[in-house]
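Let me begin by handing over the structure; questions about it come next.
Going by the order they are written in, the chains are A, B, C and D; count residues from 1 in each one.
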Amino acid sequence: MSKKIGILTSGGDCAGLNAVIRAAVYKADLLGWQVYGILDGTAGLLEKEPQYKILTPAEMDTNVLRMGGTILGTTNKGNPFSFPMPDGTTKDRSGEIVANFKKLGLEAVIGIGGDGSFAILRRLAQQGGIKMVGIPKTIDNDLGKTERAVGFDTAVSVATEALDRLQPTAASHDRVMILEVMGRDAGHIALSAGIAGGADIILIPELKYTIENVAKKIKAVKDGGRNFALVIVSEAVKTPNGEKFEITYHNGEKRYGGIGNYLAGKISEVTGFESRVTVLGHVQRGAPPTYNDRLLASAFGVRAVDLIAEGKFDRMVAWQNRKLVDYPIEECIAAYEAIDVNDTLVHTARGLGISLGDQ
Amino acid sequence: MSKKIGILTSGGDCAGLNAVIRAAVYKADLLGWQVYGILDGTAGLLEKEPQYKILTPAEMDTNVLRMGGTILGTTNKGNPFSFPMPDGTTKDRSGEIVANFKKLGLEAVIGIGGDGSFAILRRLAQQGGIKMVGIPKTIDNDLGKTERAVGFDTAVSVATEALDRLQPTAASHDRVMILEVMGRDAGHIALSAGIAGGADIILIPELKYTIENVAKKIKAVKDGGRNFALVIVSEAVKTPNGEKFEITYHNGEKRYGGIGNYLAGKISEVTGFESRVTVLGHVQRGAPPTYNDRLLASAFGVRAVDLIAEGKFDRMVAWQNRKLVDYPIEECIAAYEAIDVNDTLVHTARGLGISLGDQ
Amino acid sequence: MSKKIGILTSGGDCAGLNAVIRAAVYKADLLGWQVYGILDGTAGLLEKEPQYKILTPAEMDTNVLRMGGTILGTTNKGNPFSFPMPDGTTKDRSGEIVANFKKLGLEAVIGIGGDGSFAILRRLAQQGGIKMVGIPKTIDNDLGKTERAVGFDTAVSVATEALDRLQPTAASHDRVMILEVMGRDAGHIALSAGIAGGADIILIPELKYTIENVAKKIKAVKDGGRNFALVIVSEAVKTPNGEKFEITYHNGEKRYGGIGNYLAGKISEVTGFESRVTVLGHVQRGAPPTYNDRLLASAFGVRAVDLIAEGKFDRMVAWQNRKLVDYPIEECIAAYEAIDVNDTLVHTARGLGISLGDQ
Amino acid sequence: MSKKIGILTSGGDCAGLNAVIRAAVYKADLLGWQVYGILDGTAGLLEKEPQYKILTPAEMDTNVLRMGGTILGTTNKGNPFSFPMPDGTTKDRSGEIVANFKKLGLEAVIGIGGDGSFAILRRLAQQGGIKMVGIPKTIDNDLGKTERAVGFDTAVSVATEALDRLQPTAASHDRVMILEVMGRDAGHIALSAGIAGGADIILIPELKYTIENVAKKIKAVKDGGRNFALVIVSEAVKTPNGEKFEITYHNGEKRYGGIGNYLAGKISEVTGFESRVTVLGHVQRGAPPTYNDRLLASAFGVRAVDLIAEGKFDRMVAWQNRKLVDYPIEECIAAYEAIDVNDTLVHTARGLGISLGDQ
């Protein structure tokens, strides 16, 4: 029987979103369903008329699979339950979204997002009686219940490549090179890229560090006969006494940033080594998806449509040990996963002699 | 307490072997142990004197981590229990290896290999009373008990990139492009790269196909308005009636090869479409390791040394759902994993409308 | 004043064609002109009605710039002056093309092609009174008067990367690795990629070689303490006594191919070294364009439109020493450039101790 | 006849330096010469004893060719004619360098550097009667007489890739993305990468811009139906009224930096578009060399040794229109080349409708 389903991308963009969309469209088409692509996340439903385009397999040509970003657009302009208004107040605009959803006459909607987006989408769904299925995406990989979220693999790949490129300059100039990478509150990118990219020091928000420990490792590297060191730091890392670095954008939005620069200063001061910082920034998000992100995205997109066909809702698709599984979204949000200090990769890092700044 | 351990790479080379070696050397050094790198797999122990070099952290500079291949060398010159002699006969040379092992005075040895190598290494170990720990590596990813073996991620990445590069030529020239990839008896590379690279047809040795089904899909693609198609085929795929394609090398060695060319002919004949084949070959093995292979290799290398420290032998390290685990090697060899026809990714492929040739 | 101009891609596809088209459309739009993209090279004008699409800047979005292949399609189905008919005869179909050109009412046409295509396009233009401007593209880079043709940079880049990937496998397995690359009659790809990729031996069609010289170099490498060697060979290279290797495709088309396999056999035989061959094939054409190819393509596309605006026809745009120039097409065809044995890069190769097989 | 020659790398590191060194060593070895690699540029000659290592072909294994940075090390710690001392004064230390040069007993020295390094090296050479040959390297490509200096191709390649990665995020989030790239006083990197990477606006130090012109172009892009724009800016660009952006490092060194951030603010303010800046930084220098940089470096390295063999000194090797040439170093320094406003690529950019901010 023919159905109309919706799909939207929510929160920060990342690599693999288009591969999810393509997979869902292909699978839905096999079932004879129509897919409505809602534009700009929930913002497309805050307009007077719902903003969308109907997605057909013919439009999902092979390049969509390979393209970073999202062809549907996305926003993080604000929580519709307390939407920031131009006059500085906030307003509950959730009713507008629910009304627009209903106008579209969709049977169910696939929401591609992270924990923040899921919390909002779920509440909207409950409020409006909308059936929803979630697909996890976040370069931070901090969603529970799934080994990987879409976008993480590409982000780590770009960060590792950056360390590979900084190493020769570090060695040529006897320098400490510091790479500041993304990671809202979880250090997964820094930890994985740091191990894979040959870092000597990895600083993550989950572990407290001291400048003394950082300096001790740099000294040990030098004493071992190497003239340079590589440091990777998650943008969410604070100073040892808990000060937070933030950049205020021109729209008032605040973001992490600046810890790399702080560290460069401290390291030069304490060790006498010349040090330089590189802030990797947005190139971690928009890069073309790795094969892993395309594969995961394709598996998730197909499976989300299956869940709708099976009448299973309010669930998130997940990947565990080579298999697709699914869990109640609520459980996934609750299972937020920063790095556990007893984590396998923490152990790996220590086994390689990498300093995590805490010892 | 100081120990002397050995490490060797066995079987075909792949990306990430050096990252394993580096990790094992780093971890062993933290414990105050010495690492003997045995040269050319078991072949280095078939010489009069055992061939090795002592590996120190200083030599494991950051480039070793990023290099494909193995700095220790490897061979697949033959099973030492029935070693092919120049006169055409075979000879049990296992005693020579065991003797050389003992000469080195090693406490334990880390063998990096696939199922074939493990079977041999294990038998040698049993025969000689040598303590052994195994680290799985194979671009085919057909070893049981571990989500991934070292080398697979890079191989799939290269194969996917090849599809990405063939697509524009296919589209420009209205062609069917066929990519023949490695895969001894298991189609994992073809299946993963095929999904990630946007293939229309994926042929793997685990599923029987017909030329009719292949032609039907190509016709459907054309009817859908697309002027080209992408096919990926595992080198181990046979003709529909079971003939095997083989290339005989000048040393008499036989290898899979040629199925792509067969398919190109059949497709042109049956569909009238111009078709071309690309045999990817050795570039799948030697590419620089992806971050995933470097990460996995690092985790495995550290953990293998841990197992020795913990006195756990005859076990293989493995990766499951973001965690390191370990199993008896025997169990891992027995758990050989080709693609299950009910596999998640088989389901994903069908959901995307990809033909596996069997329907 | 508004004009209608045409653009077509002819011959084998390569990287950068879309960047040329985009640049021409952008520049034409600034002048208020309309651009007709003719489909499938001259084949689009052999249909009853001319096959084309009108190209606007809005359609030339940023991805077109980055995509391999040609959005217009291309063919090498045959010379329209002696077109191969299904019954095996040939027929002069040039009149149909000229008639279709006239039907379109174009003021001028930009032909993107190599020397073969230019010879045909020029003859068609003369016969039909069509004004034409040429843009050089060929992965072989054998067109005179221009430092580079569109597509060459990407092809060499892919070939170099292949050598980079073969080197670790060669070293791990004590092998001679042979890479067979494209190059119709000129060895530019092999020579450039061979130097950049660290080949020990480079064989090009412009220089006669002997197996003895090849073996001598391999022996010298081995005597110098290295356990492997890298060989790159242009597909157009013949056997030392002038036999040509060819593959016959199923449509009867003949192409170079097989010399790598021949060499592997001979090298194993003469030197006793294990050797393996990789035939790079179509991935050299379809890869995403390097920045150099995109830059050159953009400069050419803009300049071709300028030439039309300036009323300069029957000329080819070219690149020399950081500047755009232009020459009569006839002169460019006549100035065909294989590798001169006194060429700078031949000298470079010899200075690096690379064997060209002739000494 | 056997000779001893020296080689050193001076100034900022870049991709391809190792390929130069390797080529010089290979060629020198063919002539039976010995090569002394002087460590850390001229700093290696400011030590009590000259710091060097003898370079042999065996050490120049194939990986050296592919590695970024310089195995000899380099510094830009200060002009030896007015060397900055710890007490804040400067001192002429040129005598120490000349003395150490003489101690080494070198017949000639190959200096790999940019215009600044050449000016110093030349003066040292004249003062000490040292015979010198120069090889141009600078990611800025602002040296006259040569089409390309070593390192430029890789830097532009990395910058173009960054634009490729920013584009999807820009499109997904309706943003203006600003990329700040290196370029001391010349905008070559920004201009080439901007054209190749699909920038809408390119700001270079050679052309004055206004915020109004920048905003006008962004508005035009938006009016044309596109929801995002890409801007690339050279770090040396000043504010429209001539203020210079600088970052002061912890060693007191001042460097360009910050213009991207300034522009992001202005663009958001004037156009209302959300804008974000990425500062590419050191990854432009240390990336593995492209094939072009390896090829150029190899040609230069061989030719520099040839010049010594031919007794031609005080000259710089250069590349022009596919050929190696050489010029008096003095002439090359004098022929400093920023972007000419009538340059071919400026014309290309304007033809593509790219705004250079001046109109």
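Structural remarks
In this section, a residue touches a chain if its C-beta (ideal position, glycine included) is under 8 Å from a C-beta of that chain, and two chains touch if they have at least 3 such contacts.
This one's a predicted model, so the numbers in the text were calculated from it and none came from an experiment.
Touch-path distance (fewest steps) from chain A to chain C is 1.
Ranking B-D and B-C by contacting C-beta pairs places B-C first.
The centroid of the Cα atoms in chain C and the matching centroid in chain D are 31 Å apart. Between chain B and chain D, the centres computed from C-alpha atoms are 41 Å apart.
With centres taken as mean Cα positions, chain C sits 34 Å from chain B.
Multi-chain contact residues of chain D, defined as those touching 2 or more other chains: 67, 164, 167. On chain B, the positions that touch chain A within their shared complex are 23, 26-27, 29-30, 57-58, 61-62, 65-66, 147, 153, 156-157, 160-161, 164, 167, 192-193, 195-198, 224-226, 230, 290-292, 294-295, 298-299, 302-303, 305-306, 320-324, 343-345, 347-348, 351-353. Residue ranges on chain C touching chain A, taken from their complex, read 63, 67. Note for the complex: chain A touches chain D at residues 9, 12-13, 15, 17, 40, 67-70, 73-75, 158, 162, 164-174, 177, 227, 249-251, 264-265, 268-269, 274-279, 281-283, 285-288.
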